[in-house]
Each structure stands twice: as structure tokens, then as C-alpha cells.
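Accompanying notes for the structure given below.
Note that the chains are named A, B, C, D and E in the order they appear, and that numbering of residues resets to 1 at the start of each chain.
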Amino acid sequence: MQVDLSLIVPEMAMAVLGLTVLILGLIVPKESRHGLGWFTALALLGVMGLVLAGWNNTGSLYGDLYVVDQFSQFFKITFLAAAFLVVLGSMRFVDKHLGGQSEYYSTLLFATLGMMVMASANDFMTMYLGLELMTIAFIILVCFRRTESKSLESGMKYVLLAGMSSAVLLYGLSLVYGITGTVVINEVGQALALRGPLPILMLGVVMLVAGLGFKISAVPFHMWSPDIYEGAPTPVTAFLAVGSKAASFAILIRIFVVGMFGISLNWELLLAILAAVTIIVGNLVAIPQTNIKRMLAYSSIAQAGYILVGLVTASQEGVKGVLFYAFLYVFATVGAFTVASYFYNVTGSDEIRDYAGLAQRSPLMAAVMVVAMLSMAGIPPLAGFVGKFYLFMTIVEDYLWLAFIGLVMSMVSVYYYLRVALVMYRDEPLDGTPIAVSAPVTVTLLVAMAVTLFLGIYPGPVSEVVNTAAHSFFMH
Amino acid sequence: MSGFPVLTTILLAPVAAAVIMTFIPREEGKLIKCVAAVGTFVSMALSLYVYFSYDTALGGLQFAEKIPWIKDLGVSWFLAVDGISLPMLLLTNLIGFSAVFASWNVDNRPREFFILLCLLITGVMGTFVAHDLFIFLLFYEVVVIPIYILVIIWGSSKRVSKEYAGMKLTIYLLIGSAFLLVGIIAFFVKSAGILGGPDMSFTALAEAGKQLSAFDQTWLFALMLFGFGSLVSMWPFHSWSPDGYAGAPTAVSMIHAGVLKKIGGYGLVKIALYFLPLGAKFWAPYMAVLGVAGVTYAAFAALAQKDLKYIVGYSSVSHMGYVMLAIGSFNVIGINGAVANMFAHGVMAALFFSTIGFIYEKTHTRWIPDLGGLARQTPRLAVAFMLAALASLGLPGLISFIPEFTIFIAAFKVYGGLAVIGIAGIILTALYALRAGANTLFGPPREDYDHLKDIRGPEMVPLVVLGTALVAGGILPSLLFDMVNSGAVPLMTHVENVLKIGGVM
Amino acid sequence: MMAFLNSISWVAVAFHTLAAVVVISALLVVLVRNIVHAVLWLAVCFIALAGVFLTLDADFIALVQILVYAGAVCIMVVFGIMLIRRGNMGESNQFNRQVFAGGGVAVLVTLLSGVLSFRIRYAGSPPDVPENTVDQIATLLLSKYVIPFEVAALLLLVALVGAIFLAKEVKADADS
Amino acid sequence: MLTLSVSLHHYLILAAVLFGIGLFGVLTKRNAVAVLICVELMLNAININLLAFNKYITPGDFIGQIFAIFVITVAAAEVGVGLAIIIAIYRNKLSVNLDEFDWLKW
Amino acid sequence: MVEFAMHNAWLVPLLPALSFVIIVFLTKPWKRLSALVCVAGMVLSCVIATLAAYGVFTNHEFTEKPLVYAVRWFSMAGLNIDVGVQLDPVSAMMMFMVTLVGSLIFIYATGYMEGDPGYSVFFSYLSLFAASMLLLVISSNLLQMFVAWELVGLCSYLLIGFYSHKISAREAAKKAFITCRVADFGLLLGLLSLQIVFGTLNLTELAEKISNFGQYTSMGILTLITVLVFLGPIGKSGQFPLHVWLPDAMEGPTPVSALIHAATMVVAGVYLVGRTMFLFTEVPSAMELVAVTGGFTALFAASIAITQREIKRILAYSTVSQIGYMMLALGLGSLTASMFHLWTHAFFKALMFLCAGSVLHALHHKADVWEMGGLIKKMPITGWTFVVGGLAIAGIPPFAGFWSKDEILLAAFDTGHYVLFTMAALTAFMTAFYMWRMIFLALFGDEKPENHPHESPWNMTLPLIGLAVLSAVGGLVGTPWAPFWQEWIFFGHPHHAEPNYLIMIGSVVLAAAGIYLAYTLYCADKTKARAHALKERYKFFWTLSYNKYYIDEIYLWFNHTFIDGAARLFYLFDIYVVDGIIVNGIAAITRLSGEGLRVTQTGRLQNYALVFFLGVLAVAVVLAFTGPSVAAGLTGGVK
């Protein structure tokens, strides 16, 4: 068996990096541990460079167990970008509220590695282990503020519910394995194309949908996410909302679009309904929220619904839409959460009403918040609009009702986004002192805003890349 | 000047001004205003140049610029003007320039105000010069958010709070646009199938539209009708409009009533009707009925108002009813009338709102029973007000008469009795316009207002610019109609050809 | 033939006995009121499960099961319980208010999966399992499944680091 | 004793029952530790499934067994982290009663 | 010179328009200069008009073939509208009359408006009015005419409301505009129909096409169109039932009343019907309508005028009545008589208004005739010119009114409309009576000690004299023995009525009787006891007449009840149903469902787990029912 290890250089680099950071934590004196953040961020950029350098170096390892194609490369870049932004945006937060820098950064790196594995995994085991690496890492990150009972409470909810959902997911995987006799997704697909939709297989599908639905927080498997998003340290929330969700979509796509393609008629409508319910519930419940993180949590539930739309038709266009949306979603979400986390740093509050007058205290933060939110709402000329355009293009022929629900609800979502804008722009600040934004956070915010705008105004280049990625996925 | 991207320049001038403003310290209010004025002036001057150098005899798309933009959606940066979009572009610039001066006394966070205003103006202009559906959409919704922020910060709360008004306006229009978006996406996907590849240019989409079945055209048009209709405040989807205007600051009311609303009418003509003639044919009678209902209903409602902005708000709903009626009459005269009336109403409504803005600024009230006799104290303001009021009631010699006449011809020819109900709206219009004018300007002057200063200096600009347009358009309607007709005739020729074929698929 | 039948019945007897133990001890885990007792029943359950695994020709897994679950996990849990000092262990494992709803849902899920499991078809009785599973598993783990294997290793590392970080006493100055 | 035969279905049903019991515990126990161990029960049920399929569907292949090893590994890690969290939270709140942890809601 | 004037008649409206622009933008701060610009513009345009009119009158062919200069105003596919100048005897006469009377009144106004703060503004309005009126007169196209028609309405509005600080003036102005708007609605519909049916609004082309209208439309439609067109004149010329605005219009400064609400604008309706005679004559029923409306209005207004006390109000009702005469003549098919009366009426009515203005000027706007008296002694010029006007309107030969009124009575009699004839004759009697009632009460009798009248300055008296002369001799252009007028202005072919001496004498007798009656009641009888006795005896009729038959009140009630009521209703509907129930309702449902769903998020993780598994079951159910073959599979259909 020829194994071309050059394909997994980025993953290896990540593993080494994670260990390095862990060890550095032991060596570096406590006072200069905040430098670990810079180190991590730069290292992440380096890894991203490795992925980019290997963009065309595609292939599979161990007989299709591990596939490196542009699809997975794209996801990896997405994760790395998210991790980079989160690290950059959270350094101050980590120093001030969390402590344990080396543990924090290395866990974050391992979570990223887990996501990368998920993106490339082509069999249930690798997938599952990637998923669990990511989940365990996130569980730790979520309760990283171990003196804060909210953080711990969310950690406990997460660990128990995640364990339960993993069990369900595994049950589903075991059933699919039992029916097809294989755990490699290509082979599953071939087997299923022959055997058709057996009832027991459909039970497996149900469990898979539930297990993965949990990860992407699709309604009705979403209940955990607002609580965890609220309780977790804000940078972690950002990464959780972005990375975990995107990575889960990566395996969702692989399992359903490749593995279950043969029986797609049986689950298309199910996914459509799930997407619709998710969009509706997420947006509706976001309306009465008063805590910004909780509001963003519900909004990210709705966002998952939108991404799910791209899966409904199991087509290349749909995958392309998912990839594009997942990418832009990273920047909008990280932007919004970074503002929230930095704001918390300064004021110690996550309540929306405390954002009063932010536009005057820090125009940049307010602008990024608005841009990020409006992008999520799909208002042109921001990236979210183009993303939604791609997504809904795929379903408008067969699932017109879903397009209606999606787009109308996205306009409803503007209601609660604008309430934040209202508070930030209209109200006079109680405490008028300007907020000085630190350099790394400024970089994060500017990158988030710039990419969100750029993708909205000139999505051409990225859409072509995404097209290649989706194409590679289907060539496979 | 051939080859020079004049349309892009027009679009970018206010953006450039906005960018410059971000670097001006916020205390330099005067400088900020001047930069905004220069930016919008450049746009206005260039669009006047384009307007008068457009060859109406030749017609079609001119000043086109096309750069490929998003390959897989077939999008290109395709800007061009024709006889329908050019008047709208000019209108935007006239109003935009005036709006800067109507806001000359904004002293609360002027930098943010003028930046948003410039962005708003750019957004509106963009919809009119875009010849690519995607670019159109980009600009179409981009305007909503600046408006919201402008309303909530610089607006005013009367019957409803400005927050409510702003939110209602925003959400209402966005939900309308959601339906529109569904329609557009569905249409685009179908067209890509017909054309064998994605292409978002209007021309290509119109070709694709030719081959859509009547059924598809009908439901797609219904979606667009709802989307554009709610923007144009078609009855009964109008209720955002009076509240929205009442809450908004002067400049926003001007731009919103003056041009933003027109995007709806423009979209109906230039997109919905152009792409989906069979659908339009099916819905035309309904549009006419809704138009007439809007005219009458809103005119009556305006009659019951005591707040000046509400009067104009309802009046603009009423006037847009004529536009709907005109489009519904589904002939070339009607289209001419619709576009021309949008231009006319834009100028008039903007002048109206700027005047009301000044009145409010000076007297701190818009409540008619609290006003009266202002003609003595502020004669120039009174002239502006009367000009606007008279234009509103369709006085010949001012810009709105001929367009209305044209609409009446078109509608009366097609709908007879129904049109008569609509035309009767001119009586009601006269009633409320004159009541408002008389009760505000005439009657015994009030002592409280004796100290008021009449508008002067920069404040005169809206009156001069818009007033000139009002009178010039009234005396020389061919200035407007030659242009509009050069756009309407090819459009309706296309439509009639399609009707002859009757939908291939 | 007789021997064959005998061998079958031995496996069957073993299976049914072990299955009964598994189910009963699992039920007791859920039902007993003392959490310490529950952990003890859990250990019983795990050991019985190891037996079930043996009937499935998975001797290595059975071993792992005993080592990891019955040994490590259970002891870890007991330690955990000890750390969480409670006065009265007798009422430490109560039901919450949604016991009937939870029971209903659990029964429905069980029925659903149980009934549907009956529908699965497979080709006759299984052939013999190769001897010496440990060797083969080891080879596979270090060749074909090396990536998940490494990931699992990292996972354990992360869990370890994290568990230590979370469980250690927080120094007074760690938080402002 | 002829009635006492054993087939794939037996294992699957045992797995389903065990899964159901675990689930019941997860849904209804008040003690966080109890919930954690019930999750372990659910995971064990899956191992039965995996090994049964390994024997009956893919004999000679070790997919199911290897999968089961991974599941056990992950489960152990999860228990470790879970207990750490429970200890930490107990330190903070002096309780492991799940009904009391609802600051995060709505 | 004449040639130039004829071919450049567009200058006639343009010059006052220029004056308007100059005053507004340049000379507004300088009162005298503004007045000068205004008067100069008018006089110049009068010169051109006179020359042009001379040209037309010396050239016969223009009657049959009007001189038309037109340019395209705007055009689009299927709709082309011209603007232009159409010169024929009718428009030339009108142009001449308007500029002439206008010039005189403008001069008068320079004196009358002395000291008013809005002096310049007033003259700018006057110029604008003159421009609009002349534009109306020379229009070659009905749409152009409509434009001017509305513009004169606007000027009328502005000038009635000139004393804008007075609420009565404000309301009167509004009333005038709205009333006319109602009528113009009809006219506009008529024009639209004409454009749609005949494809043109050019007068000459329409005349041609309507003469064989059968190709285009049916009689029914044409009748409808004609009636609609006639609605416009009913409003603008103050015919029953839309006459209500005209008496109120007297709130404007007196020169305005003289110019706009007596001599020129209010006869625009008559002029319009005259211009579209080709249309009306095709529709006999419409002609009847015109005649009846005119005849009735004449009598009706006269019956109101006899009890009014305010001097300008009496004149206003008289105007309504006299225009009714003109309409009557048109309805009888006699364009000649109608235009003739229009011509003479312009002079004597303008004169009387100016006289009234002079009186008011002297008495500081004390308007009640009962409070005047003996003014002729202190204000001889005003007084005697007033008397000339009175004689003219009463129809005493050889003053102008006699000839034109006679022509109308003759037309009624000749066409066999005896009822209308009787009404017209009765009106003539009443006219003489109430006019002289006013003259006797105001000018003769005893002087009131509280009044300190004085003669007006030269720039007011001069126009009075000029108009008096015109009122005296203006009718001589159309005597039965020298029918110049009848040779020039006619519809179809010249109409040479034989002089009917019976009618002539009869009308003189009626007029004389009216004057005598007024004399006995109001002049000879110093105590006015008999007048009071009469009033008491016919209290009911007096009240009815004095209160203008309560028509205003009826309109007011209608307006308040129905229009404002509907407005209120629509508004409430908008707020509470469209906005309240539907829009805000949907918003509220959205918000509430958000709140409702939010509550499901209890914070208990086991609730979440429960929901999760309920979700699993739900998904299973959904999958069972949505997949194409799963439902069958679940029931055992598939292997």
C-alpha cells in the first residue's frame, strides 16, 4: 500500500503544533505566555499556507479512508481561517479571563485538527474520531472559565448532551455499517445504490440526521446550542459556532451526498423540512433575546438552516452553495463574536442594552457588528446575500416553498439584528469613553468586515474556487 | 468622452465624498456638508450631461459599461441607461443634491449623517443604471439599512415613534423584497436553463422570458408584483409609507418618497413587465384595480390627516396609485405616463418634504392646527410649499400634469369607468393639497412665528433645483417625454412581440 | 451434527444468560437509589457485556471492555463520586420530574429500533472467525487505520490535559 | 434447549434494549454522574451492534471490532472529561443535581 | 405691422408672462417699477392684440379658415399634442377685449392697491393671470386651453386669497379652486374622451372630424362627451349648481373681481363652449342643456341678487346671471349673440366693479349698500360712470347692454324657445331692478354722516371713464341696422336676424319698469318703508333669496358629512385594519411565537434531551411518510 504522506502534511503540522504549544506552556514563563497567542496565530497562518501550497496535491490514503481533495482543502482553509481569527481576536480575552494559555491554544489547535480530519475523513471511524476530537476539545474549551458557573454549566450540558448525541450518531453509523458491511463512504454509496431504502437503513438515516443535526444545531436537535453559546467564553462560542458547525457540515455532505446519494429521494424532503423548521425557529426565538450571545446563538441556528438548504438537492450546485456559505459565515460570525467578546472585556456585559452608543465609543466595532449581522441576514451587498442566492438557486425549482420560508424569515431576522443596530447607533452611551480596540482585534475585525464586503461585492474569485471544490467532490 | 466610464463615475462620486468625509474630524460640520454637496453635485452635473447627450432618436442602451463580474452567475458589471432609466437617474441626482441642502442644518452627528446619505444616494442611483439583474439587486436592498439608521437617529417621533416607523419601513420593504427575490431567483434559474448558461443581463433575461410558459410568467410576475408593489406602496401594501415618512428626517423622506419608491415602479416596468410580458398581461387589470383603489383610498386618508408629513405620505401613496394604474393599462402611453409620473412625483414630493422639513425645523411642529399664516412670515417657504402642493394636485404648467394626463388617456382608453374613479382622485387631491396649503400658509399669522427667518442661502437650493425642474418639466414636457418615449417604445414593442408568440414553452 | 448443535446451544445459553444479566444490571443502574450501588451494578453490567462480546468472537474487545470499562471507568466514577462528598448516599440517584415522558420516549425509541432491527437480512450463519484476532487488529490499527488511531491518541491527550485543567483547584489569583 | 438459538437479531435487540435503558436513565436521572454512566450504557449498546455486525455481516473483517475499540476509547475520554467538569461544578455550586443547573435558559 | 402682429400673436400672452418673471425675480422690491412692468407688458400686448385683431377683422377668410401656428408640445407613440396660436374672429375679439379691459384695470389697480404690502406680488399675479388668460384665448388645442384654463384658475385662487391673512379670503379661494376642480374633472374626462375617440385635440382637426363623427363613435358617446365638456364651463363660468364660488370670490381685491370674476376669466366657460360649438351643435340635447342651464342660472342668480346687501356680492350675482345669458345664447345656437354679450358685458361689468372698488376705496371697505348713500355728490366721476354702467346692464339704448341682450332675446324668440325667452325677459327686468336698487341706495339719497367719501385718484378714475365710454358705445358695433358684429362672429354662417321692434321695445319697457320700481322703492321713498313692508310680506321668499337658497349650506353639509366622513373612515380603516390588524398583527404574531418558542428553552438539559429524542421520533415519522418507498417498506413491502 503506497501511502503518500505529503497529503497529510497540514494535519501532521497541526498535531505537532498543538504539542509544541502545550510544551511551550511549560517552558515559557507565566508573564510572557500571552505571546503564545501570537505564536499560535502565525503558526495557523503557516498551516494555511501549507494547505494552499498543496491545493492541487490531491489523492486518497489507505484505500479511500482519507481523502484529500479540493473539497476538504477548502474546508480546511475555512477552519484555519476561523481559528486564526478567533485566536487573534481572543488573545486579550484569554489573558484576562481564562488563564491556562497553553492549554487553551493547544486545545483550540486540536479542535481544529479534529475538524480537518473530519473534512477529509471518508470512513465512519476516522470521521467519528475527528468529530470526537473536536467535541472533546470543545467541551474543555466551553468550560474553560472554570470559576464561572455559567461556563461550567454549559460545559456540563455540552458533555452530557454531546455524549448522548454521539451515541445516537454511532447507533446510526452502526446500522449503516451493518446493512452495507462497510464503513467507507464510497462503498456505502455503492452498496446503497444497489439495495435501496430499507426500513432499518432509514432508521440509520434518522439517527444520523439526529446526531449530525445536533452538531449543526438543526431544530429540533438544537436545544443545547443557545445555552452553551451563552455560557461558553465568547471566543470559544465563536469558534464553536463556526468551526464545529462547518466541520459537521463537511461530514454531513460526505455522508449524505456521497454515501446516501442512491436513496436521496428518501431524505431530500426530510432535510428540506428540517431546514425550514430550523430557519423559522431560529429566527423567531432570536427576536425576544436580550443577551447578544444568545441572540447570535439563535441566529446561528437559523444560519445552519440556510446551509442545510444547500444539501436538499444533493447536487453540485448545492454543495457549492454550502461551501460558499460556510466560508462567508465564518467571517460574519467571528466578526460578530469578536466584537461581543471584546465588548465583554471592556464592560463585562453581554446584554444588548449595554451596547448603547457603541457607534460613538468605537465606530469600528459597531460597524463590524452591523456588517456581520446584515450579512447573516442576507442583505446586499454583503456576502450573505450572495451566499443565499447560491443556496436558494438550487431549490427554487423543486422546493419553492422552502425558498419562500427562507427568504422571508431572513428578512424577519433583520428585525432583531436592527434592534442591536438601533441600540448601538441611536442611543447615547452611558459611559462615553471611547473603546480603544487592540491591534490583533482590529486586524480580526477588519479582516472579517473586509471579507464580508468583498465576498458580497465581488464574489467571483471565491465562487470559482468553491466551484472547483464542489466539482472535485463530485469527481471523486 | 466615449469610453470614459461616466456612469460608474456618477455612482462613485458620492461614495468618494463619503470616504473623504470619514477622514474629516467630526467637528468640521461645514466642511463635511460641503464635501457632500460637491460629491452629489458632481453626480448631478454628470447625469445632466448624460441626460442631454443621450440620443433619443437612436434610443436603446447608451453609455454602456460592461465588465464580467461573477462568472458562474453570469453577472457582469453592466451599467447602461435608456429612456426609462435616465429620467430616474436624473431625478435621483436632483433630489440627492437637494437633500444635502435640505439637511444643511443637521448638527447632530453630521459626519455620520452625510456619509449615510451619500451611500443612500449611490444605492438608489445604482438600481437605475444597472443593466444586470444581480447588480440591480445589490443596489436594490443596499439602501434600506442606511435609511433605517438615518430614521432612528435623526428622525422624529409623532404619532408613532421613529423606531417603530423605521423598523416597519425596513422590515416591510425587506419582506416584500424577499418575495421578489424568490421570483427573481426562480426566474434566473429558469432562464439559465433556457439560455443554456447563466446570464444576468436584462437583455438576455428578456430573451429568456420570451420562452417561458404563460403559467410560469404569471406566478413569477405575481411575486415581482408583490415585491416591487410594496416598494411602490401599492395598496394595500402601503402602510409602511406614511409612518415611515413621518418618522424619517427630511432628507430621507425626500429621497424615499422622491426616488426610492420609484425603484418599485421602475422595477415593475423595466424588469417584471419586460421579462414577463404574459404575466404582466394577466395581472394588468389587477394592477389597475389596486392602483385605483390606492388613489382613492389614500386620497381620502390624506384628507383626514392633520400632520403635514402624513398628508404627503398618503398623497404619495395616492400618486403611486396612478403609476400602478398606468402600468396596468398595459400600453405604450401608459408606460410613458408611468415613468414620467414617477419623475414628476419625485420632484414634487421631494420639494414637498424639504419644505415641510424647513417648516418643522423652524416651528417645531408639523401639526396643521398649530400652524397658519406662514406666508406672511416666510414667503419663500410659502412659495416652495405652494409649488409642491400645486404640482401635487396636478396643476397644468407644473411637471405632474402632463404625465397624469397621459396616464388618464392610457387608462381611460382601456378601463373606462374604473379609470374614471381614479381620475376623480384629482378632486380629492386638490381638496387635501389646498387645505394643507391654506391652513399652513394662510389665515391670520401667529405671533409665535414672527421671529422666524425665511429660508435663505443654502436652504434655497432645494427650492431652486426642484422648483426649476417642476416648472421646466411643466412648460416643456417634451424634455421628459422624448426621453421616456424613446425607452418605452422599444420596451412595449418587445412586450407585444412576446404576446404575439404567446410563450413558447 | 450433535456437537454442532451443542456448540450452538452453549453459545445460546451463554448469550441468554449474559443478556439477562446485562439487562437486569443495567436496569438496576437506573433504578437503584444509591449512586454508589448504581456504579457497582454498572460494573456488573460491563463484565456481563464482556461476556456477550466473547460470544461474538471478540475476545480482544472483551478484554478491553473489562480493563477499560469495568476497571478504569468504574473506578474513575467511584473516585468522582467520592470527590463529590455527599452526606446521604441513599438518596443520591433520584429521578427527575420527566420520568414518565422520558420512559415513554425511551420505550418508543427502543421499540422503533428493536422492531426495525428484526427486518435486517443477512446471509445465513457466520463462518468461523479467524484465530488470533489481536495480531490482526494490531496490524490493522497501525496500518490501515493509523489515522484514526493517531487521532484517538491525540484525543486521549486532549481529554487528559483538559480533565486536569478543569479538575485542578483554581488558585485564588487565576481570576480577577 | 433447542429454543435457545441465537442470531444477529438477538444481539440487535439486546443492543436496542440496553440503548433504551441508557436513554431512559439519561432522560430521567437527576444526578449528573448517573446521567454520565447512562450515556456509557448507550455507547456500550452500540458496541454490541458493532461487534454483532462484525460477526454476522463482515466476518473475517475487523471493521466492527476496531470501531468498537475506538468507541471505548472515546467513551473513556468522555467520562474523564465529564467527571472533571462535574467535580469542577460541584466545587462551585456544591451540587450535582441537574435540575438546579438552569441559569442558562430562554 | 399688422402682419407682424398677426403672425406673432404668441407674443400676446408672452409679454405678460415676461412681466411676471421680471417682477418675481427682479423688480419685486420696487413697487412702482413692478407696477410699471406689469402695466407696460399688458399695454404692449394690447397693442399687438389690437393690431392682430385688426388684421383678422379686415380679412374675411379667417372665419372659415383660422390662422393657426402650432408646434409640437410633446409627443409619444400614439399621443401627440401641439401648442399653438389660433387666430379667428372669436379669438381675436377676445384677445382684444381681454388686453383692453386688462390694461385699463391694471392702471386702475396701480391706484387701488396703493399702500398694500403685497403690491409687487399683486402685480406679478395679475401678469400671470393675463398671460394665462391670453394663452387660453389663443389656444389652438384643447389641452393647451385646459392648461391655461387651470392656470387662470390658479391665478384666480391666488388673487381671491390675496388678503391671505383673512380667513374668509383663504376659504373663498379654496372654495373657488375646488369647485372649479370638480367641474374640470368633467372637462378633463371630456378631453380625454375626445383624444381617445378622435385622436387629436387640435381645434381645427377636431372640427373636421366631429363633423362626421359617425366614423369614430356613436351619438350616445358623443352626447356624453359633450356633456362632460360642458361641465367645465359650468364650473368656471359659475353656472348653476356650481355658481357658489363666484360670489365668495369677491373676497379678492376689487380690480381682481373686475378683471377675473367679471370681465375675463369667468367667461372662459362661455368662450370654451364657443370654441367647441362644432361639438355642441352636433348634439342637440347638449345644446338644450346649455340653453336651459344658462336660462335658469340667469333667472336664479338674479333672484338672489335682488336681496343682497353687499355691493360686490350684488355685482357677483349679476355676473352669474349675465353669464347665464351668454350660455343661453350659446345653447340657442347663437354664437354671435353670446359673444356679443360677452363683449359688452366685459365693459360694463368691469366698469361697475371698478366703480364699486372706487366706492369701497373711499369708504374704507364698508360694503353694505344700505350704509352708503348720496355718494355721487362727493364722487362724481365714480358716480356717473357707475350710472352709465347701470344703464348699460339694464339694457337702456343705446348703451352697450341693450344691443347684446336684445340679440339674445331675439335668438330665443326666433328659435321658438318661448319659456327660455320669458325667463330671459324676466331676468332683464330683475336685472334692471336690482342694479338700480344698488345704484339708488349707494349713490343717491341722503349722505350718511359717518362716511367721509372722496373721489379716487386719476389712475383710478381714468380707467372708469374709459370703460364708461366703452360701455356706452361698445354695443354699436352690432346694432340690427349695422350688423358688423354679426358679419364677423358667427358659427356656421352669418345670421342676420331681422330687427324685431316688438322685442326691442318690450325689453326697454321691462328695463325701464325695473329702474322705476327701484326708484320708487329705494330713492323716492326716503324711509324705505315700502321696501321693508314688501320684505315682511314675502318673508319666506326674501329669506330664501337672501340666503342664496341655502345651496352653500347644503354643499357644506355634504362635504362635512360625506367627504370628510369618508376620509375619516378610510383613515381609521387604514390605522386599525390595514395597519393595526394586518400589518402589526402579523408582526405581533411573529413576536409572540418567538416568545412562545423561547419558553420551551427551559434550561434543563434533560428537557433538551427529551426534545432531541422526540425529534428523532418525529424525523422517523416524517421519513416514513415522505420517502417514496419507505411507507411501503415499513409495512413490510420491501425486502
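The rule is simple: a contact is a pair of C-beta atoms (placed from the backbone, for glycine too) under 8 Å apart; a residue touches a chain by one contact, two chains touch by 3 or more.
Remember, it's a predicted structure, so these values are computed and weren't measured experimentally.
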{"item": "Where subunit C and subunit D overlap in contact partners, by chain label", "value": "A, E"}
{"item": "Graph distance between subunit A and subunit B, where chains that touch are linked", "value": "1"}
{"item": "Far-end chain from subunit B, centres as C-alpha averages", "value": "C"}
{"item": "Busiest interface, counted in C-beta pairs", "value": "C-D"}
{"item": "Far-end chain from subunit D, centres as C-alpha averages", "value": "E"}
{"item": "Subunit A and subunit C: spacing of chain centres that average the CA atoms, whole Å", "value": "31"}
{"item": "Computed distance of Cα centres, subunit E from subunit C, in Å", "value": "101"}
{"item": "Length of the line joining the C-alpha centres of subunit B and subunit E, rounded to whole Å", "value": "35"}
{"item": "Whole-Å gap separating subunit A and subunit D, where each centre is the average of the chain's CA atoms", "value": "27"}
{"item": "Contacts with two or more other chains, residues of subunit D listed in rising order", "value": "12, 19, 22-23, 26-28, 35-36, 52, 57, 66, 70, 74, 77-78, 81, 85-86, 88, 98-99, 101, 103-106"}
{"item": "Subunit E residues counted as touching two or more neighbouring chains", "value": "598, 601, 603-607, 609-610, 613-614, 616, 620, 639"}
{"item": "Shared interface positions of subunit B, touching two or more other chains", "value": "171"}
{"item": "Touching pairs - complete list by chain label", "value": "A-B, A-C, A-D, A-E, B-E, C-D, C-E, D-E"}
{"item": "Subunit C residues within the subunit A interface of the complex", "value": "112-113, 116-117, 119-120, 143-148, 150-152, 154-155, 157-159, 161-162, 165-166, 170, 174-176"}
{"item": "Footprint of subunit E on subunit A - complex, ascending", "value": "156-157, 160-161, 164-165, 168, 196-199, 202-203, 205-207, 209-210, 213-214, 219-221, 223-224, 226-227, 263, 265-267, 269-270, 273-274, 281, 284-289, 412, 415"}
{"item": "Complex interface listing, subunit D residues touching subunit C", "value": "1-2, 4-6, 8-25, 27-31, 33-34, 36-38, 40-41, 44, 47-48, 51-52, 54-57, 59-60, 62, 65-66, 68-70, 72-81, 83-88, 90-91, 96, 98-99"}
{"item": "Subunit C contact footprint on subunit E (complex, rising order)", "value": "604, 606-607, 610, 613-614, 616-617, 620, 639"}
{"item": "Residues on subunit C engaged by subunit E in the complex (per definition of touch)", "value": "96, 98, 101-102, 105-106, 108-109, 112, 121"}
